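Two complexes come next, and they have one chain in common, chain A, joined by chain B in the first and chain C in the second.
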Partner chain A sequence: MKHHLILKDLSVAIGTMEVLKKINLAISEYKITAIIGPSGCGKTTLLRTINRLIEEEKQVRVSGEVLFEGESIYQKPLVKLRKDIGLVFQQPTPFPMSIYNNLAYALKYHGVRDKVSLDKTIEAKLRLCGLYEEVADHLTMSALKLSGGQQQRLCIARSLCVGPKILLMDEPCSSLDIHNTKIIEDLIVNLSRDYTIVIVTHNLQQAKRIADCTAFILGGKLMEMSNTEAFFTNPQAEETKQYLQGLFG
Partner chain B sequence: MQIFQEVSFLDFISGLTWNPLANEPAVGILPMILATFYVSIVAVLISLPIGIGCALELAALENERLKGIFTSILGVLAGIPSVIYGFIGLLVVVKFFETTFMFATGESILSGGIVLAVMVLPYIVSSATETMEKSYKKYKETSQALGVSKSYMLRALILPNAKGAILTSMILAFSRAMGETMAVMMVIGNSPILPKLLGKGETIPALIALEIGTAGLGSLHYHGLFTAGFVLMMFLIFLNALFYLIKKNLTEHLE
Partner chain C sequence: MKRIDFSLRCWTVLSTVFSIGLLFFLLGFVFIKAQGVISLNFLLAKPAGFPVGSAGGIWPAVIGSLLVTLIASFFATVLAFFTAVYSVFYCRHERIKLVINLIVQCIAGIPSIVLGLFGYAFLVIKLKLGLSILASGLTLAIMIFPFIQIRFQKLFLETNKQLLEASASLGINQSYTIINLLIPMYSKQILSIITLASGFAMGAAAPVMLTGCMMNAPVPKSIASPFMSLPYHLYVLIGQGISLENAYGTAFVLMILVLLLNLLAAVPTLLGMRGKR
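Now for the complex of A and B:
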């Protein structure tokens, strides 16, 4: 099995606070890797480090290596890297424009200009996210009018439009109800055939349901990482056992 | 409105001559109405692109200290008395036209427009920046995560999203430009003739300010000036209503 993304001794400090401490992690291709841990343990920071969004903040120091397809992420041009590694946020943030333009926004920037291929990509990604039937007749409608679950699927479709290889998801279901969560979880499982997915979640059941591998982070340190079944039935580290029993977080 | 016992409303706003003290008095304010619009339009045309550019840049400025400095400079600009603007206009803009282009006189509609443009700039910038800054902060990360550059984001996302705010700032600037008296009066030449871009003109506020002191109480002249002020106000109300409707239409489908 190929490793799509490898983190070597990755440490991140923001100001004087060390958020991540020497994380070593290998993420396999076309698998869903769930990252769990209590709030504030650095899960989100980890994702933001991988697509270098973390650098937009002040006083950030990153040490260690992140290898994407065997190459350091710092050697790739930023635009290319973020095109290859998409990020879906916790809150659905559709742009205040039509559904169609939401999807065309980044595509146009990355050089897709002619109407035919724009239409084709947009339709394909909407279908992939199960949104096409729902919005096909309203592509010019403002995206802000969609429901929360639809907005989040639109955001996923938007991330997919630019053709990423890895999709990072930061608690994509935390602001949605059970029904929409189910739809998105099914979608994620579906997507894992073509994309490598890293999903941060604080919902243990969710990790259990959809992830192939699960990693547990506590206080900025990687405690344990194994395939999901083994992780939940036979945790190795003492902290993991306690966390799974609900002792902290 | 005693004046309308002597001249009809239509004659008043479409008459070409303003000479209320002649033996056969004529009170037509069409040249002034046109000059008022002309100067204001020139001013908004000049300051709008500059203002929106400044607003975009300011909204996307990461350096908080620099942003503070620029914002306070704008505040100071807005606080300078209009007489001072008029002086600067006379010394810089009018002089410039006279020396560089050898005009007989640099006092013209264009000079008035340029001076006014500087005056209304802070209004445009500050009202547009607010909205742009909000949406910039909100969508910054999402946009960055798509690998899109800052300038593309400003052009394709922030600017279209600020349509409403830009229009509001335009109304504000336009109303202010139309009502501005002192600075315009000092650089525009003040002759009640049909305005040309490089020729003299006289705006309604300038007309009132210049002549109200010498108009006899209760005379035709006196009433003419007051009615001119009334006409100006009607125009402003009408324009504001119009802009409001346009803005409502523009932003409605995005709410």
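Now for the complex of A and C:
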């Protein structure tokens, strides 16, 4: 099994606060890795460090290494890195333009310009996200008019348009109802055949349902990581046991 | 507590009614005073009589005002847009941002007659632009630049950060995001701000009177010609006691033009409201 992403002694501090402390983590190719932990433990910061979005913030210090396909993420041009490592946000972030243009916006930037290939890719990605049937007749409609669940699937489709190798997802279902959560979970499982997926979630059941591996972060430290079944049936660390029993969180 | 709440509410309603009333009173007052001269002929004729302006119309001043406003809005918008984009999206140092804001506010505080003097000394004489629409337009551009820049900057600062991050997460650089996401997203607001600023420029007399505006000039042939402008024409008519009635006529036309521009600025917002419903 190949490791797609390796974190070595990764520490992140914002201002005077140490958010992540010496994280060591290896993420396998074409697997779903869930990162769980109580709010404020640094899950989101971890994702933002991987695609270097963290640098947009002030007074950020990152130390340690993040290797993507064996190469440090700081060696690559920023734009190329973010093309390879997509990020889906907690709140859906459709752009205030038509559904079609939401996808075309990213494609055009990355050099797809002729109408035929644009149409083809957009249809394919919408189909992949199970959105095509729902919006086929309304491609020129504003994306803001879609429901929350549809918006989130559109955002996933948009991320897929630029051809990422890894998809980071930051609690993609937390603002959705059960029905939409189920749709997106099925989608994520489907996607894991072609993409490496790292999903941050505070929903233990969700990690149990879809993840191949689960990592538990507490107070910026990685407590435990193993394959999901072992993680939930036989946790090693005392903190993990307590967290799984719902003693804190 | 209830009493304070009640009187505060009364006061807010009264103030609103008063300010709306003031506008209509002003318009009505000027209209009644100008009633005798307002006609299509007054609008479309050249100034005539002796001293000039005591008879005839204001057509060259209408065209001159519109042209100089157009030039001012164009240059001010370009400058303001890029300054705002730089300070919001590219500038990484808080200190530089602070300095930019400070300078823009200083420019906003320059008295318009001083701008006129600067325009005369620098643009007209030093840069040899001559007394012209271009020199006046550039002087006015300096005057409305802070007005536009501050509003653009506020607009950009209010952008949902997540949208920008979503765009960055697609491996898209900042200039593409600004051109293809922000500008279309804010097109209505941007147009409104520019239109409001042009109204501001159109009404100013001081910056143009030293830089190219004439008591009497034909409809300008090019941007290098001297020209007439409505506020300056109004100033001359009253200041030299040429014709009080024509001055009110000019004032009425100027007010209507500025009001139209302000209404125009509100149109995109109104249309947007209808779309949302």
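Just so it is clear, the second predicted complex is superposed on the first by the 249 of 249 C-alpha atoms of A that agree within 3 Å, B and C clash if a C-alpha of one lies under 4 Å from a C-alpha of the other, contacts with A are read in each partner's own complex, and residues count from 1 in each chain.
Basically, a residue touches a chain if its C-beta (ideal position, glycine included) is under 8 Å from a C-beta of that chain, and two chains touch if they have at least 3 such contacts.
Values in this document were obtained by computation on a predicted structure and should not be read as measured data.
K.L.:
Quick one: on chain A, after the overlay, do chain B and chain C clash, or do they fit? Just give me the call.
P.N.:
Taken together on chain A, chain C would clash with chain B, as the superposition shows.
K.L.:
Once the shared chain is lined up, is A:G86 touching chain B (first), chain C (second), both, or neither of them?
P.N.:
both
K.L.:
Should A:R153 be classified as contacting the first partner (chain B), the second (chain C), both, or neither?
P.N.:
neither
K.L.:
Thinking of the overlay built on chain A, is A:A106 touched by chain B (first), by chain C (second), by both, or by neither?
P.N.:
A:A106: touches chain B and chain C.
K.L.:
Quick check on the superposed pair: does A:H4 touch chain B, chain C, both, or neither? Answer first, second, both or neither.
P.N.:
In the superposition, A:H4 contacts neither chain B nor chain C.
K.L.:
Please identify the positions on chain A that touch both chain B and chain C, taking each partner from its own complex.
P.N.:
The answer is residues 51, 53, 56, 79-83, 86-87, 89, 93, 95-97, 105-106, 108-110, 155, 158-159, 162 of chain A.
K.L.:
For the complex, give me every residue of chain A touching chain B.
P.N.:
51, 53, 56, 78-83, 86-87, 89, 93, 95-97, 105-106, 108-110, 142, 144, 155, 158-159, 162
K.L.:
Can you check the complex and tell me which residues of chain B touch chain A?
P.N.:
135, 138-149, 152, 156-157, 160-161, 253-255
K.L.:
Going by the contact rule at the top, pick out the chain C residues touching chain A in the complex.
P.N.:
160, 162-163, 165-173, 176, 180-181, 184-185
K.L.:
Quick check on the complex: what are the chain A residues that touch chain C?
P.N.:
Within the complex, chain A touches chain C at residues 51, 53, 56, 79-84, 86-87, 89, 91, 93, 95-97, 105-106, 108-110, 155, 158-159, 161-162.
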